[in-house]
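For reference, the structure I am asking about is given below.
As written, the chain order gives the labels A, B and C, with residue 1 at the start of each chain.
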Amino acid sequence: MNELLKSLSKVHSPSGEEVNMKEYIINYIDQHASKWKVKPQIFQDEYFQDSLVLVFGNPTLAAFAHMDTTGFMVRYQDQLIHIGGPEVSGDEMLVGNDVLGDIECKLALNEEHQMHYKFGRAIISGTSLSYKNNYHESDQFITSPYLDNRVGIYNLLKIAESLENGALVFSCWEEHGGGSVPFLTKFLYEKFQIKKMLISDITWVSDGVAFHKGVVVSFRDKNIPRRSFIDNIVKLTIQNEISFQIEVEAYGSSDAKEIQQSPYPIDWCFIGPPIENAHSDHEKISKQDLDSMLSIYSMLFNKL
Amino acid sequence: MNELLKSLSKVHSPSGEEVNMKEYIINYIDQHASKWKVKPQIFQDEYFQDSLVLVFGNPTLAAFAHMDTTGFMVRYQDQLIHIGGPEVSGDEMLVGNDVLGDIECKLALNEEHQMHYKFGRAIISGTSLSYKNNYHESDQFITSPYLDNRVGIYNLLKIAESLENGALVFSCWEEHGGGSVPFLTKFLYEKFQIKKMLISDITWVSDGVAFHKGVVVSFRDKNIPRRSFIDNIVKLTIQNEISFQIEVEAYGSSDAKEIQQSPYPIDWCFIGPPIENAHSDHEKISKQDLDSMLSIYSMLFNKL
Amino acid sequence: MNELLKSLSKVHSPSGEEVNMKEYIINYIDQHASKWKVKPQIFQDEYFQDSLVLVFGNPTLAAFAHMDTTGFMVRYQDQLIHIGGPEVSGDEMLVGNDVLGDIECKLALNEEHQMHYKFGRAIISGTSLSYKNNYHESDQFITSPYLDNRVGIYNLLKIAESLENGALVFSCWEEHGGGSVPFLTKFLYEKFQIKKMLISDITWVSDGVAFHKGVVVSFRDKNIPRRSFIDNIVKLTIQNEISFQIEVEAYGSSDAKEIQQSPYPIDWCFIGPPIENAHSDHEKISKQDLDSMLSIYSMLFNKL
């Protein structure tokens, strides 16, 4: 059992409430950083709001993992509205809490596909809810809500163990319009002159991307990175014999959108494993693809 | 009769032509600032284009009111295209002027709901038009075009009378894609280290927001602010016994969008009264809700 | 025959691969700058990625021409996805190359209007393709793929010959979400305090804009510039007796979008000739309109 990933998947941190995940990660660092190869600088003062940056040695490359998840917010009466873009089919179990106590309720869809909750009492308007934890492993797969993006966070926390030079960035609001990447990018570029960034996040199984074929290096999604940067990553990955597959998609986005639009000349690439059932309460990932994710990030922090 | 609000509602300032409102406000300040508790610094040089910033004492909090309105622009022949998102049903009276003189014409909708003008002569292409002034008060309500956002401007000009520390910001282009908030935010953060911002604007009556129940504190619209900041505002508002209602919406946006996306770590909250008939020529607001708007801004500039 | 424009139209530079056009322009400058009135500073180090800036004398005005074009990228199997928004009707000839060699293939549309290629071998996923060169001139017209925006680049290279003070900017990603204008604008404003920018690009023939009536000065498209700046340009253009027509559109966008949204107070105006068949492989422009484009830019760099 991957205890770290399982534990990460339990944290309630929909967009706007990432502080819970930030505190989890800081606590994790307190417990584990003494065994890491290099002790990082930890940036977490008020400039960073609920985001977090770890800087190891002399960084020239940064990797971003967003801490927020999709979710739900109670509107008025029993209505729910979306945080980000959750994919629901009805009857999902949701959890959260308000001033009246802990909540475990069921999601219901009406005929117009509008979302409501079913619970024994009214929930205070503005309360956020998320999928109830439901983590499973088999020989080849992990299934859980919010692998997007607990997998990306897990990747960075594992990379941290042996990282000598690089920046690990834990961002906010990725699922709902962004808002932290602009000031994080400003910080990384102005303080450390970092011009290369990777997106540690998950993508989708498709007609060109399958399970067990390795981590995905994305040539493009809705955003198009500078081609020469991608070509270099592909070359290094082949030279180092890491299992990978390429993705060429017209849709989908990530923290890279805000890096691309920032007023800094930064190259970026999306690298992560594919999942099935994206944004549902049963996202599914191949363990083998997760392994090759760790390998490619380790390699790129050394050689890119 | 609220003479200041009535007078503000007469100014022609669709997005891109805010200079008229800027001049109105500067003139107002010249006439009234001598009676204000603190004399503000006035920022209005070319860095600010047609925007305007008043800084009182040592500010840690800023409030934004946009000066532009929705409107119409003459395309070719008798065609009109929208500035922002006006809500029309046909037969609205529009005013403006071109090199041939003053214009007062009627809006007509064809079968495809396209907008045209009816006037005794051709109007020069590129001319902007706005709803004809039509301000009314009853015991409980004010009805007028462009309460969005003359109400937000009015709020700031009244707050100015007793403000000791804070920044009042009059912005441009809010109704049509933005464009001034990025440089205003840069100025406020870099020169005064302001990290907290309020949006002084109007929102909508809905199935969860009603007239006479007080100013609205928005937990979210299309944008989601940092929850801990909103929770603190709600706590202070309850402690100070100010009448308010909360809003939880999936749609709608404001100057907050550009604050959220700026490369500065700034907390923000939308606070304003609800209106009916948004973006029509007969927007309607409760006087009682407007009163509680003044109360909450006064309180927050002292205590937040 | 306009040999420079014809030659520019042959360069393969879809969004993300502008490096080819950058190299073309640098080579052109090496060959021609010795005859220019003023020798410009050339900015092309890694801060600029694949963009390029030429600065003549003491600049107060900059003109932007984007170097990228729309195009196609091979997804999986024989599928093509769009780069930017190409307008295709089927049977267009496309060119490019992958590790297996040069490619000249035909575009096919299936019943759902999805794009595929027809070629004797499989093309490597991620390969970019563009319309095959097909440049024609008649007495009055030029027809070619990618007049958008080879015309804008041509304009700047011709202006360069006699320019004394000003900045010429060659940007990236305009057709696909942007990404270079933010750092270019930051550079121009912070290093040279440039607050006025023109967009050297093409627009559309419409019910209000016709061939042979001169270059278009746009009052607005999806974006609305500050009106006082446009009024000043129109006044100067009339005074200098340059043939022009005005445009008032609700839709369409350009590099101006990112200038407007930048954290700098910059006035901008879109100025360029109209074309027919935008984003197709047979864009068409009036030679007369192109002439008046050169005239207005020359005049504005002297007088604005």
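Everything below uses one rule, namely that contacts are C-beta pairs under 8 Å (C-beta built on N, C-alpha and C of every residue); 3 or more make two chains touch, one makes a residue touch a chain.
Predicted model, so just to flag it, every value in this text is computed and none were measured.
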item	value
Topology of the chain contact graph, where touching chains are joined (line, ring, star, complete, other)	complete
C-alpha-based rotation, chain A on chain B, 0 to 180 degrees, nearest 5	120
Chain C against chain A, contact positions shared by both copies (same if over half, else different)	different
Distance from the mean Cα position of chain C to that of chain A, given in whole angstrom	36
Multi-partner residues of chain B (each touching 2 or more other chains)	262-263
Interface residues, chain B side, partner chain A - complex	195, 206-208, 219-220, 222-228, 230, 246, 248-250, 257, 260-265, 267
Chain B-touching residues of chain A, taken from the complex the two chains share	15-17, 19, 46-50, 73-77, 81-83, 125-126, 128, 173, 176-180, 182-183, 185-186, 258, 262-263
